[in-house]
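Note that the chains take the letters A, B, C and D in the order they are written out, and that residue 1 is the start of every chain.
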Amino acid sequence: MAASLRLRGAASGLRYWSRRLQPPAASLAAVCSRSMASKTPVGFIGLGNMGNPMAKNLMKHGYPLIVYDVFPDACKEFQDAGEQVVSSPADVAEKADRIITMLPTSINAIEVYSGASGILKKVKKGSLLIDSSTIDPAVAKELAKEVEKMGAVFMDAPVSGGVGAARSGNLTFMVGGVEDEFAAAQELLGCMGSSVVYCGAVGTGQAAKICNNMLLAISMIGTAETMNLGIRLGLDPKLLAKILNMSSGRCWSSDTYNPVPGVMEGVPSANNYQGGFGTTLMAKDLGLAQDSATSTKSPILLGSLAHQIYRIMCAKGYSKKDFSSVFQFLREEETF
Amino acid sequence: MAASLRLRGAASGLRYWSRRLQPPAASLAAVCSRSMASKTPVGFIGLGNMGNPMAKNLMKHGYPLIVYDVFPDACKEFQDAGEQVVSSPADVAEKADRIITMLPTSINAIEVYSGASGILKKVKKGSLLIDSSTIDPAVAKELAKEVEKMGAVFMDAPVSGGVGAARSGNLTFMVGGVEDEFAAAQELLGCMGSSVVYCGAVGTGQAAKICNNMLLAISMIGTAETMNLGIRLGLDPKLLAKILNMSSGRCWSSDTYNPVPGVMEGVPSANNYQGGFGTTLMAKDLGLAQDSATSTKSPILLGSLAHQIYRIMCAKGYSKKDFSSVFQFLREEETF
Amino acid sequence: MAASLRLRGAASGLRYWSRRLQPPAASLAAVCSRSMASKTPVGFIGLGNMGNPMAKNLMKHGYPLIVYDVFPDACKEFQDAGEQVVSSPADVAEKADRIITMLPTSINAIEVYSGASGILKKVKKGSLLIDSSTIDPAVAKELAKEVEKMGAVFMDAPVSGGVGAARSGNLTFMVGGVEDEFAAAQELLGCMGSSVVYCGAVGTGQAAKICNNMLLAISMIGTAETMNLGIRLGLDPKLLAKILNMSSGRCWSSDTYNPVPGVMEGVPSANNYQGGFGTTLMAKDLGLAQDSATSTKSPILLGSLAHQIYRIMCAKGYSKKDFSSVFQFLREEETF
Amino acid sequence: MAASLRLRGAASGLRYWSRRLQPPAASLAAVCSRSMASKTPVGFIGLGNMGNPMAKNLMKHGYPLIVYDVFPDACKEFQDAGEQVVSSPADVAEKADRIITMLPTSINAIEVYSGASGILKKVKKGSLLIDSSTIDPAVAKELAKEVEKMGAVFMDAPVSGGVGAARSGNLTFMVGGVEDEFAAAQELLGCMGSSVVYCGAVGTGQAAKICNNMLLAISMIGTAETMNLGIRLGLDPKLLAKILNMSSGRCWSSDTYNPVPGVMEGVPSANNYQGGFGTTLMAKDLGLAQDSATSTKSPILLGSLAHQIYRIMCAKGYSKKDFSSVFQFLREEETF
């Protein structure tokens, strides 16, 4: 649900924009050696909550799949649908020259690419490897280097939008990699998302995602603190939200996803913070932002503190609630 | 300049809204004993950078003024224009039954109202006293109580918008006080501002202002941290701003007042952080937010830290620069 | 219990030191107009958890008391013991020229001194008024000014040490005021505490107390974070405490009052965080530190954050637990 | 200088303690296959500011050395002294079965152990590899695994104490690894340090070091904030330091290394923050603490903020000053 909300309004703009940002048609030629006339099989590794619906959207668009997941059960549905199931990332790489990976952490990504039976063991020259996991940009760059050594192409393309957007094909992809290959990536990613945004060199897709989510976390906590303070000072929450939204305090968290129950309809705060984007996931993304900031020596005073706040919330029973539940976390009255 | 920026876009909406929020016409009767048929003199205390142009806008609308300022020089211009200058707040109260005060701090406001020659020494029953200073909501409530004891009416009406908006009559007033008196306040405030918003009981005008500015400070620092991190991770600043503005990280500081030089035109960051809303003023407002939060026991983790950051900046040469200069503060490279 | 712990070891040093800091004997003469040859009555206002045992220690030393408390029940015990109970602070001031006040907040202190039936209504010239409440140093200075106008003397003398230390007469008093009067204050305070430290001009007693408690809060939270991190990294808590205590991380919170259960005996962490210095009280003192820092424009980045953390803890069920329970607050595992 | 200060007082205690923690003599037998009867050559990799004097202390104790540094110039001094210089870490491993590494970062350590011409290429079975670099505990564990696969032993043994302590052989070593091998490590480390502390399994040496330094950073900043606030509230700095040091605010930073000029002799604050432990180094260690906290999901609210503060200081001209210069950073008056 968070996903659809996040895109409502923004979607059309992003779509327009991503079109505008497409590399010129000429560059498509560059990738034609990689079969595109007919729909040749696409590899898909990682069939979890997000990967499953993403892979299905590729199927809907007519792409035969070569699939692998570390949990064999996750592949069953695809086997029943007639797709080919193999027993390792290496085997996927042997049979497909375009592969999408969707994995939970940096460590999983390293294993799937560089592990003993990883993609790199059998990757074909000229293959296009697109990683849609959300991982450390520095890891993405490392993987890209290794992939390049094998004569293949790596792009990072993390998604914005949750399971709902994955199902409806409305994800936003933020793509980093060689610009000449963007059109080739877009052909596949466009089947799974409504917006495919080119961000620059390898790693910048990850960078864009974690930057957005860090600012999101900061402004969400800021909105929650502000709404709580205003209410305690005697302001009506709906009126305060209106004032903020017409003033310089306005942000997505105040005008589109307000964390205070009763202020807006159709957002997690209206539904006991069910659905949406879980606190654990936000804590994970903030951990990546923190790692990137530490390694680039970038000061992130509020970003670090936001990270710690979501960390604490995970230990106080909020891990599965939407990240806007920080309002509830702060709201509780002191007890005596 | 910050002021006009802040209102661009929002202005029409706020104007509509403030009209919608007007108390019904009937309540106007309540204040008719306070001369409104002809334009009787209005008192104005505090003729500084903001008070001066505000008072002039009242003059332009045909209101004779009774003025006072602690610095006699500040009154000269008004004397030359034929307005009446008196020698204490008490004298203003003796000659005018509608008074506007525009003072730098809570302490000044207490002195002007409750001091040895303060307004309360000679205030007439039924007078309307409007304080447009930005002060602690708790102090506003205290003043209101004392004013009420004298049979007069107190409203807090702090402004949003800087000197430019004060000159052009485009301020936003956030008004707290008895709703029945809102129309009477609006008659005067409407001469000086384009938006007059009713916020609730006495003190809520101050509350709304400091809430907005706290969230503004948080999202500005957040935007600065995020843009800096993104740039260090290899993203183009303009592209990063576009991505944020179409995503859930969007906020006024990213889409209307971006702190990174080169991303937007016509904002302080495009002009070496000249003009706009000074770091010192932001630090002052955050101090008020902090005081309110402490006295209401409201946790403001990011708000407190934002306060400290602007505090530090004031000591590092940023006090007169626009508050978006936090980007510059964070941006500097480590030196060895 | 916290109190006795806090003083164990430090006590002898402080006692020595406070003796060394005594004003020279000559200055005793200055206060001799205030009856000291025989033990004339001493006023005591505020007979709560702390005031009650403090007043009793004065009785034990042979001082007749004139007592008042806003809750008449609190006076009963003293009436039964033959002390004189009166019905207002003003009445205390009429009958005693040395008065000690022990009140919960700044607001109570203002009321007791400056209220309609406050001390200042009937204070005698030359009286010595000692406030042992913990309040804002700025309020102490204000009170001192008003007291001085009446020809009397005001000293702030907040205490360190809890109910246990109050009972055993082992409090530490940090005293601010005119140095010539220190000996006179010491005569009384020495009956209730083992250390009486002269800190400087009026307000510095309060300043010293809130400074100490701010640093205490910071180092306690820091110790809790560090111990928790170390344990998660595989270190044995006792061994880690030993290493810290022999290294540069050493602090009172690590070596005398360790917050990790099992590391030390006889501290609140060994007793489910019962007893000691409550989280609510720490949050109150941090609020005073915050107010002082804001009004003096002093940056306190860690101090502010410590304040917010104890604020949050108060709302999460820790308000009555010892402030070292921040370890427990941080310790909880993330749940899924 | 920081080093000697840090150890003054603590040294004797630690020495006693490290003796007490020695594994029983029996376990020495376990390592006797690794030549100990006569002094066989010891490998030393990394001859920088710290490594150079450490290696010399081994020489003084009669150990022949096999040295390597990525900068050949660094080896010259040792060659002139008759030690054997080789051209890669692998070559060191070929010729020595006990090797000490002293490198600036995790990345360097990975390269020296696992790189193309790294130690692991030619390490002999049963060799003892001791890494005295300060690196991520997680990296230490990884290296230990790889070393173990080759049948050799890895221990992490980061040091506390600076160049001065390295020269005088007064470093403190915090050692993680198999306990049975501790005596073997101690034989060599004892030549370079006055305290060798066994901390537990591999990685706990690093953990202990970064834990101590995180708490040190927090209490140093806390002391600086507190002293600055107290001074602004009218307290004499020396008197405030005395009060803190006899109270619960006491910490190493207040009583042994006070950051306020004029309070203590012989510390960096008495010498314009020259010497001591540089801000850049503290920022590096806090980065490691941050990484460890993020990966173990441990909340470090103050630790994170301390990290960010030292990060900012590095960009404001404090990178080479002692880390106690945070007082100076906070102290500056606001300018207008």
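Definition applied: contacts are C-beta pairs under 8 Å (C-beta built on N, C-alpha and C of every residue); 3 or more make two chains touch, one makes a residue touch a chain.
For each chain, UniProt lists the protein as follows: A, B, C, D = 3-hydroxyisobutyrate dehydrogenase.
Given the structure is predicted, the values throughout are model-derived calculations rather than measurements.
Undergrad: Applying the touch definition from the top, give me the chains sitting in contact with each of chain B and chain D.
TA: Both chain B and chain D are touched by A, C, going by the contact rule given at the top.
Undergrad: Using C-alpha centres only, name the chain that sits farthest from chain C.
TA: A
Undergrad: Just give me the whole-number Å value for how far the CA centre of chain C lies from that of chain D.
TA: Inter-chain centre distance comes to 40 Å.
Undergrad: From the C-alpha centre of chain A to that of chain C, how far is it in Å?
TA: 53
Undergrad: What parts of chain D, by residue number, touch at least two of the other chains?
TA: 297-301, 305, 311-312, 314-315, 330, 334
Undergrad: Quick check of your reading of the touch definition: is the inter-chain graph here a line, ring, star, complete or other?
TA: Here the contact pattern is complete, since every chain touches every other one.
Undergrad: Which of the residues in chain B come into contact with chain A in the complex?
TA: So the residues of chain B in touch with chain A come to 6, 10, 13-14, 17, 137, 160, 172, 174, 197, 199-201, 203-204, 207-208, 211-216, 218-219, 221-223, 225-230, 232-236, 239-240, 242-244, 246-254, 256-257, 289, 292-293, 296-303, 305-306, 309, 330, 334.
Undergrad: Which chain C residues qualify as touching chain B in the complex?
TA: Of all residues in chain C, those touching chain B are 283, 287, 290-291, 294-295, 297-301, 304-305, 307-308, 311-312, 314-315.
Undergrad: Write out the stretch or stretches of chain B touching chain D in their complex.
TA: Interface residues on chain B, with respect to chain D: 280, 305, 311-312, 314-317, 319-320, 330, 332-336.
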